[in-house]
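Shared chain: chain A. Partners: chain B in the first complex, chain C in the second.
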Partner chain A sequence: MADAQQQQRWAQKEYAALAAQFHPRPPIWPNVCRAFLVGGGISLLGQGLITLFQALGLDITGAMTRTSLALLAVGALLTGLGVYDEVGRFGGAGAAIPITGFANSIVAPAMEYRTEGLVFGLSARLFSIAGPVITFGILGAVVAAALRWAIVGP
Partner chain B sequence: MSFAEGGRGKGDRSGPPSRTMTYLWAFLVGGLICAAGQLLIDVAHIPPAHTMVVMVCAGAVLTGLGLYEPLLRFAGAGASVPLTNFGFVLTKGALSGLAKGGWVGMLSGILELSGTVLAAAVLFGFAAALVFRPRS
Partner chain C sequence: MSTATVQAPPVVAAPRRLGHQTVHWDCAPAVIASASIGGPMEGAGPLGAYFDTILEDNRYGERCFEQAESKILRDAVRSAAGQAGWQLAEIDALLAGDLLNQIVSSNYAVANTPLPLLGLFSACATIAEGLIVGSSLLEAGVAARVVAAASSHHEAAERQYRYPVEFGAQRPATAQWTATAAGAIALGVPDPAATAASQTSGAATGVPRLPRLTYATIGKVVDMGIKDPYDMGTAEVPAAWDTATVHFQETGRDPAYYDLIVTGDLARIGSEIFREGMRRRGLDVSSRHVDCGVLLYRAEQDVHAGGSGAGCAASVLAGYLLKEMRAGRFRRMLFIGTGSLHNPIALQQGQNIPTIAHAVAMEA
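Then we have the complex of A and B:
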């Protein structure tokens, strides 16, 4: 009797392991297509803003900077309103990689943890994802710049 | 950012062909960078936050190779909107800092161009997190 139960338990475990192997495969190509569309769409919006700022008399650099600022504001606002969660659910990396996703990665954790206080809750959590991005960005920039300087020169 | 120095002269035929084409390339390049990110998440099983880190580093590497400025000229927002551009701005600042003031110049140069976006991100993020409440 105990033996049979043991055996059943084993079978269940084996089945669970087997099922886990097959179950959580994400549908890769639909995901990639959605990421492409959402990421391309946000870039298209950015291009529209660049054109707008250029029409207002800014050079390309100034127009790109202001476009980044505008998209940061849009990303922060949409995250606060809970809309960007939906964009992220649909677009995956297409929502995470544009600069609006950077704003989302700053606002979303800070919003969740504001109950822990203004200092260790909100302010510290602003950087829970942005911190690593900035850290590795600076590390990468120093290595890339130093290598280019050493090999190619100024 | 000196990629603008080359300029978009009115009669410059080597530059980006037309506004319509720039929109097309912006969509394609921006979409492709994000599709590459999605592949990293789904195929290589790299978590989304790590993928953002990878993208910034990829931007730094491409800038070091001298490939990101041509991409920006060519694809406009398709290259300036994804996080790879953050790696570009950091590396570009580091390089112009190196040229101006050696190693110390590099350290101050890194945040010179990227400072705008960083300061804005912190300010907007703080304000939004203060004003809005989480849904759940």
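Then we have the complex of A and C:
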């Protein structure tokens, strides 16, 4: 039996090697450029909003908070209009990592699970994609705060 | 538990079994009629003209995509039965399956209809499984009219297997696009006179040919270590190799016997690996191989490697392939349905994708 398992593993390895010859290499440089354009574009919009809010008389903290909220609204709106998945398809991580991507990851399941009801559908599955981001975000904050406390004291 | 005390009775031989996996049918079960339905994207593809119905939108007037899938399956079955001239109450068995949990699309499709249902699951190979079970029911004389059918729905499948559709994830080049489509095939044993007429006449008199199902090779489940649900074509190739090779061995045929060797659905990258592997086995199929996932969409439709889903193979077979066979464009076809049999939970638990391929030989 052990021999048969070993043989199966060899066969699987051999097959993976053959299949790899037929798999196109992902277009890394074009993807990087698109991610830069999309991610950079979203960041530029954010910077523009910060400058605008400051010009309207807000301090930097107030301007940044409102910018985050505005970008969340843009991401949510574009998801609802069925546009953000196209942006993501084009921009990859450039669309996923900015805060607009976070909005997309929450609004997309909200739309998807609406048919199963507001409570056990939409609400229960709202964070099905963003859940790990939130979990590790909170965990990261706790660890960082603990480290700070250990190094510089309370 | 002791087993030594009970002597199990010996069983009788199966006279229509060839070798370990292949069967043949003597009663000449034939495709009496077939119908296919496609979504808007499938309708815009190269096979658009072969669909009996093309949806205007993927919801098809229903409140959710899952119910839309049931409706297209139901409509495909009605259409095939109608073209065969059968009342629904005359159908002895519907052999149907789909991709959703507990094959609910099929279950809801026939709720409160007179159709006796045998639900099947072989993922994208479901229609091939349906043809094998259906022809065997005809051969056994326990059914006179059977319909084999399968469906899939892009949005309904995506959310079960992958992500919500509006989530902006980038898909790799190996990804396949689950088709919104259904195919239904009405099977029966035609009157011998009708068979003779269709064989001698062909295009000259306008009597369509009757594609007969002659042999089938039932697939084994194959796991070659692929885990990526965005690479199902690659996962399914070893199952297709295995079934095709066994088919040629046990029937004594070689690939040149067939005008067309169809897989459904390995898509572009899987098809290349399939051909290369068959060539290495000394069974070159390159000149006569096509794949349903490649046929269904145009390259510029942004479906990456091609189509997939139980409805992809079913609608391409019930639409394009069988219509062309009835018109006499090709006479001998080996249809190999290939399916990935995983579910997302098994993959998250670290399992590989188990795959299967069922082959059916059709001749007209």
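Rule of thumb we're sticking to: the second predicted complex is superposed on the first by the 131 of 154 C-alpha atoms of A that agree within 3 Å, B and C clash if a C-alpha of one lies under 4 Å from a C-alpha of the other, contacts with A are read in each partner's own complex, and residues count from 1 in each chain.
The working rule: contacts are C-beta pairs under 8 Å (C-beta built on N, C-alpha and C of every residue); 3 or more make two chains touch, one makes a residue touch a chain.
Predicted, not measured: the structure shown is a model, and the values here were computed from it.
Enquirer: Quick check on the superposed pair: does A:37 touch chain B, chain C, both, or neither? Answer first, second, both or neither.
Expert: So A:37 only meets chain B here.
Enquirer: If you stack the two complexes on chain A, which partner ends up touching A:107: first (chain B), second (chain C), both, or neither?
Expert: Both partners.
Enquirer: So, does A:15 touch the first partner chain B, the second partner chain C, both, or neither?
Expert: second
Enquirer: Should A:61 be classified as contacting the first partner (chain B), the second (chain C), both, or neither?
Expert: It touches chain B, and chain C stays clear.
Enquirer: Which partner, once the models are overlaid, touches more of chain A's residues, chain C or chain B?
Expert: If we count touched residues of chain A for both partners, the winner is B.
Enquirer: Answer with first, second, both or neither: which of chain B and chain C does A:138 touch in the superposed model?
Expert: It touches chain B, and chain C stays clear.
Enquirer: What is the contact status of A:3 with respect to chain B (first) and chain C (second): first, second, both, or neither?
Expert: neither
Enquirer: Per the contact definition in the header, classify A:129: touching chain B only (first), chain C only (second), both, or neither.
Expert: both
Enquirer: Going by the contact rule set out at the top, does A:77 touch chain B (first), chain C (second), both, or neither?
Expert: A:77 sits against chain B, while chain C stays out of touch.
Enquirer: When the two structures are overlaid on chain A, which partner does A:96 contact: first (chain B), second (chain C), both, or neither?
Expert: Once the two structures are laid over each other on A, A:96 reaches both partners.
Enquirer: On chain A, what residues does chain B touch that chain C touches as well?
Expert: The overlap between the chain B and chain C interfaces on chain A comprises residues 26, 31, 79, 82, 85, 91-93, 96, 101, 105, 107, 111-112, 129.
Enquirer: Looking at the complex, which residues from chain A come into contact with chain B?
Expert: Counting only chain A, the residues touching chain B are 26, 28, 31-51, 59-61, 64-65, 67-69, 71-73, 76-77, 79-82, 85, 91-94, 96-99, 101-103, 105-107, 110-112, 114, 122-123, 125-126, 129-130, 132-134, 136-149, 152, 154.
Enquirer: Spell out the residues on chain B that touch chain A in their complex, using ranges where they run on.
Expert: 1, 3-4, 8, 19, 22-23, 26-35, 37-43, 48-49, 51-53, 55-57, 59-61, 63-66, 72, 76-78, 80-87, 90-91, 93-95, 98-99, 106, 110, 114, 116-118, 120-122, 124-135
Enquirer: In their complex, what parts of chain A are in touch with chain C?
Expert: 9, 11-13, 15-16, 18-19, 22-24, 26, 31, 79, 82, 84-89, 91-93, 95-96, 101, 104-105, 107-109, 111-113, 115, 128-129
Enquirer: Using the touch definition up top, name the residues of chain C that touch chain A in the complex.
Expert: 63-64, 66, 159, 163-174, 224-226, 231, 234, 237-238, 269, 272-273, 276-277, 302
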